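Notes follow the structure.
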Amino acid sequence: MHIKTFDTRFKTLRIKKILEENPTTKTFIFEYPLGGKPGQFAMIWLPGFDEKPMSIAFDDGKEFWITICKVGPFSSAMHELNVGDKVGIRGPFGTSYKFKKGENLALVAGGYGAAPMYFVAYEASNMGCHVDFLIGARNKDLLLYTHKILSLANTKLHISTNDGSVGVQGFITQVLDQILADSHSKKDYKVFTCGPEVMMKAVGDVCDKYKTPAWLSMEKYMKCGIGVCGQCAIDDTGALCCVDGPVMEWKKLRKLPEMGEYHRDAQGKKHYLRAK
Amino acid sequence: MANLEVKFCGVKFSNPTVLASGILGVTASSLKNVIRNGAGGVTTKSIWLEEHIGHKNPTMFGTEHYFVNAVGLSDAGMKKAAEETFPEYNKNKPAPIIANIVASSMEDFAKLTEEITKCDPDIIELNLGCPNVEDQHGKPFSCVAADAAKVTKLCRAMTKKPLIIKLTPNVSDIATVAKACAAEGADGFCAINTLYGMGIDINMRRPILTNKSGGLSGPGIKPSAVKAVYDIYKATKLPIVGTGGIMTGEDVLEIMMAGARLVGIGTMVNYRGVEGFGEIVKEMEKWCEENGVKDLEEIIGVAQ
Amino acid sequence: MANLEVKFCGVKFSNPTVLASGILGVTASSLKNVIRNGAGGVTTKSIWLEEHIGHKNPTMFGTEHYFVNAVGLSDAGMKKAAEETFPEYNKNKPAPIIANIVASSMEDFAKLTEEITKCDPDIIELNLGCPNVEDQHGKPFSCVAADAAKVTKLCRAMTKKPLIIKLTPNVSDIATVAKACAAEGADGFCAINTLYGMGIDINMRRPILTNKSGGLSGPGIKPSAVKAVYDIYKATKLPIVGTGGIMTGEDVLEIMMAGARLVGIGTMVNYRGVEGFGEIVKEMEKWCEENGVKDLEEIIGVAQ
Amino acid sequence: MHIKTFDTRFKTLRIKKILEENPTTKTFIFEYPLGGKPGQFAMIWLPGFDEKPMSIAFDDGKEFWITICKVGPFSSAMHELNVGDKVGIRGPFGTSYKFKKGENLALVAGGYGAAPMYFVAYEASNMGCHVDFLIGARNKDLLLYTHKILSLANTKLHISTNDGSVGVQGFITQVLDQILADSHSKKDYKVFTCGPEVMMKAVGDVCDKYKTPAWLSMEKYMKCGIGVCGQCAIDDTGALCCVDGPVMEWKKLRKLPEMGEYHRDAQGKKHYLRAK
């Protein structure tokens, strides 16, 4: 047997640039050929404090971006950092989104999901795909990456907000339904979605209605990120979000008892997404 | 075709490979997935009486030579095991399951043994690698033969299930600890748990693990595991789950020749993925074919 | 250009790499050849009072992950050291030399300390940790804090030379042993000696080493060495020869950040040859350049 | 740094054939592509008993030979073995003899040295070298490999015995002196010698007389065979017989205090070859 050389120790990188995406979201830019593909993630380490998985929001072989939403201790600590500060990085890890030249893609993003989805759109538009980029947010202030998206060729941006402060008022799934109603007959139509699990499940249901294949960015509690600890196993196949995912096909998830229902915490205890 | 079936404390395993505790062992679905990939049995992640918060990430790192972890025995507690893990694993149960339990007091160990027995595991494994809060030096139970023996005695009284003791290699004479446990009714052993380990990131000038130090496992510790199994077998002749650094079918055969009856495999997953279990079983079959071994009973302890 | 010079118990070393005991240490010419290849200092193979017959071959074997040896501390005794090894090494002496001595009784240790002092080594290292040497309780001296302290006290009384204790990692708490030795006048430590290890040839169905078991060293044990050094430094703040699994300049820096002042290197020779010493020193210089480290004092124990 | 994959564990081989060379010498043939070169050695292991270095007497990529002279415990145990018995082998180790097409070589062998020298002659004659093969023995019965040597092309066999029972009476160095006297003028003339160290030293002295370069098969007490233990270090350079040797150039050995003077035992203690 040949044991592949395997080293999960960290690369130490200095933050090259920080972009403020919105009041709660920042993008950190690192000059390093990480070699990440759209949908993959990296582990970000703050020595002596904690380490968390973060999606790769952009990677052109020279630099890569991580976009972080401030929600708790780790993301807040990241928001405290300045240009030049050091962080540890390991990765890229996990599966990625697959698409071919000239395909028709609908990318449905919620929350910070717009960041990793931008990476998909960037590569897809370069490959001459036709991209519908759908972003759903609670309100205008929570939108992110819209300018970057608008700068992409053959990419159409669709926005919905719950309060109607910009774009269509309502849920992004309504917009998706519209688009698929018009264009699901197009061959090679694919839907990729990244956002809150409940939203992604709703997206999946719309796709089923039009028999359109869909892929999701699953997000489960991760520790190792490399398929060892079992923390991110999904019921009841036991598939691992970190190595069999994060990008997984909807048809494999649709029937799972866990999908859109519950998450597990660091102790492996279930937490239901909706009060039962 | 060689017969890879082995009996351990009367429990039948279709092959001697067993998932080691703490790897892919958080949920029943994950454990079942390991069996689907070829393992002969599984061990749960260490179960506490109450919920136990582990260490912060990074909780592990590895190189081609070894792996170091400090997960900190995070667990949701006995309640989850009883209501979720065991009921789900036991419905169309695919293979034997070893319940690994841990506590920081002798009293909790006894209580846990009683509780876990109700979950109907095939074997109960005591993880004595955890510091004894009652001991004035706070040394792990299995570092002190007398402590290990006392815990064994208390737990033995609580269950009729096969009871095995998981020992730490961080002692000067593991056989003495094993003998003390055997005298109090241990049915077998699992050896070894991890060695002491630490890694420092020289660019950050800080320990890699948030807990600073952790447990050393993987390819580099195989000789320590083989030595421990050899000594425990010689001293007690009791069945042993030989564990530590097993990466290939040849490694499984090596530690069995030292005296192991079952073989625990954990860190291998880091190098070969969960599919590694099936590949290892094939490697064993191939070697047995080539070497005319019809039944694994022929090789257990043969190097003694 | 970074300054790699370090002082250890008042002895000046041009760089922190020191040949570990038992590797290329049979003759003065061999020790001098190691210095010629770039090491900052050398340690003799363990010296006995009288001639000591070692084990039969195979006395060692290795894989990419580790090395296991049971040389059995073969040595021609104090007479050869006094009449040949030291006189020859000390004539145009190229670098400091550490005299590593070993005995199976406390009395012999004291006698040896007195004798070896006459050979004028720079430092005397007591090998209390070799798993092959046992006292009447059946344990190496440094497995029992009280024994280690007693030997230290007896030897301390016999010499004014810097006296360091080489410790085994095969204990549950190495810091306690170190503290006990420090209390009796130890000037520093060397850690670690080998872990327990055994390898079985599955085709022969026999242990590879004629002595059956041996000592585990090499790449796979580095995390154990780093952890031991970290704990000993925290507990005693005394200078330490950090030893175990050091293969590269980065490894040297890592164990120094844990608290080592000198770095013992042995098994590396199996992977990189004796030229490895010079290469490692270059790797250290390169890293120090890139990271603006002017003097190694800046990094000793910095990860504590 | 890249650590080369390094494994010094044993290959288990069964003895394919055993040849009786003379009353005290046997040749063991193994079917295995060891890949040894002339002058190199292998470690032979009898499980639970001992392991010793042995020169490779022949290796054609399909099979290799080891010729063992019965002198003590290990060699006697080897002589007890039968066809089909298992031994452990690791190697090849050490340096080898170097020669080019059409060179003129004098190979001087003493004792079992004729075996490894045969391997040199076999390869050299295949490369069209002109080979003078010199064997010195105490008497006729101690000769070995003579028939194999006679079967080689462009190879001339010269024998000397102390008792004159065959070949020239006297020492082999006298025969060498003769040959060099005639032919040392030939360019590319090289002398290779393998035998007792005292004999090899005498050979070296003869070569110096004719300014002919010489290479020797050094034999020092070995344990690891891989340059780790230091047991085989030669005074006062500290060169290691197992990795810097066994084949070493005479001009590097000539001046060494140890050469032809003493050996060291398993404890590293000196033993003088001649009573002082």
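Here the chain labels run A, B, C and D in written order, and each chain numbers its own residues starting at 1.
In the analysis below, a contact is a pair of C-beta atoms (placed from the backbone, for glycine too) under 8 Å apart; a residue touches a chain by one contact, two chains touch by 3 or more.
None of the values given here were measured: they were computed from a predicted structure.
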Fewest hops from chain B to chain D - one hop per pair of touching chains: 2
Interchain centroid distance [CA atoms averaged], chain B/chain C, Å: 33
Chain A and chain D, separation of their C-alpha mean positions in angstrom: 68
Distance from chain B to chain A - Cα centre to Cα centre, in angstrom: 36
For chain A, residues contacting two or more additional chains: none
Overlap residues in chain C, where contacts from two or more other chains coincide: 64, 199, 203, 206, 219
Chain contact topology (line, ring, star, complete or other): line
Full enumeration of touching chain pairs: A-B, B-C, C-D
Residue numbers on chain C that touch chain B, as the complex places them: 64-66, 68, 138-140, 143-144, 168-173, 195-200, 202-203, 205-207, 212-213, 216, 218-224, 226-228, 230, 250, 253-254, 257-258, 287, 291, 299, 302-303
Chain D contact footprint on chain C (complex, rising order): 22-34, 36, 45, 51-54, 56-64, 67, 71, 74-77, 80, 84, 88, 199, 201, 203-204, 206, 208, 210, 219, 247-248, 267, 269-274, 279, 283
Parts of chain D lying in touch with chain C, wherever the complex brings them together: 1, 3-10, 12, 43, 45, 47-52, 86, 88, 223-224, 226-231, 233-240, 243, 264, 266-270
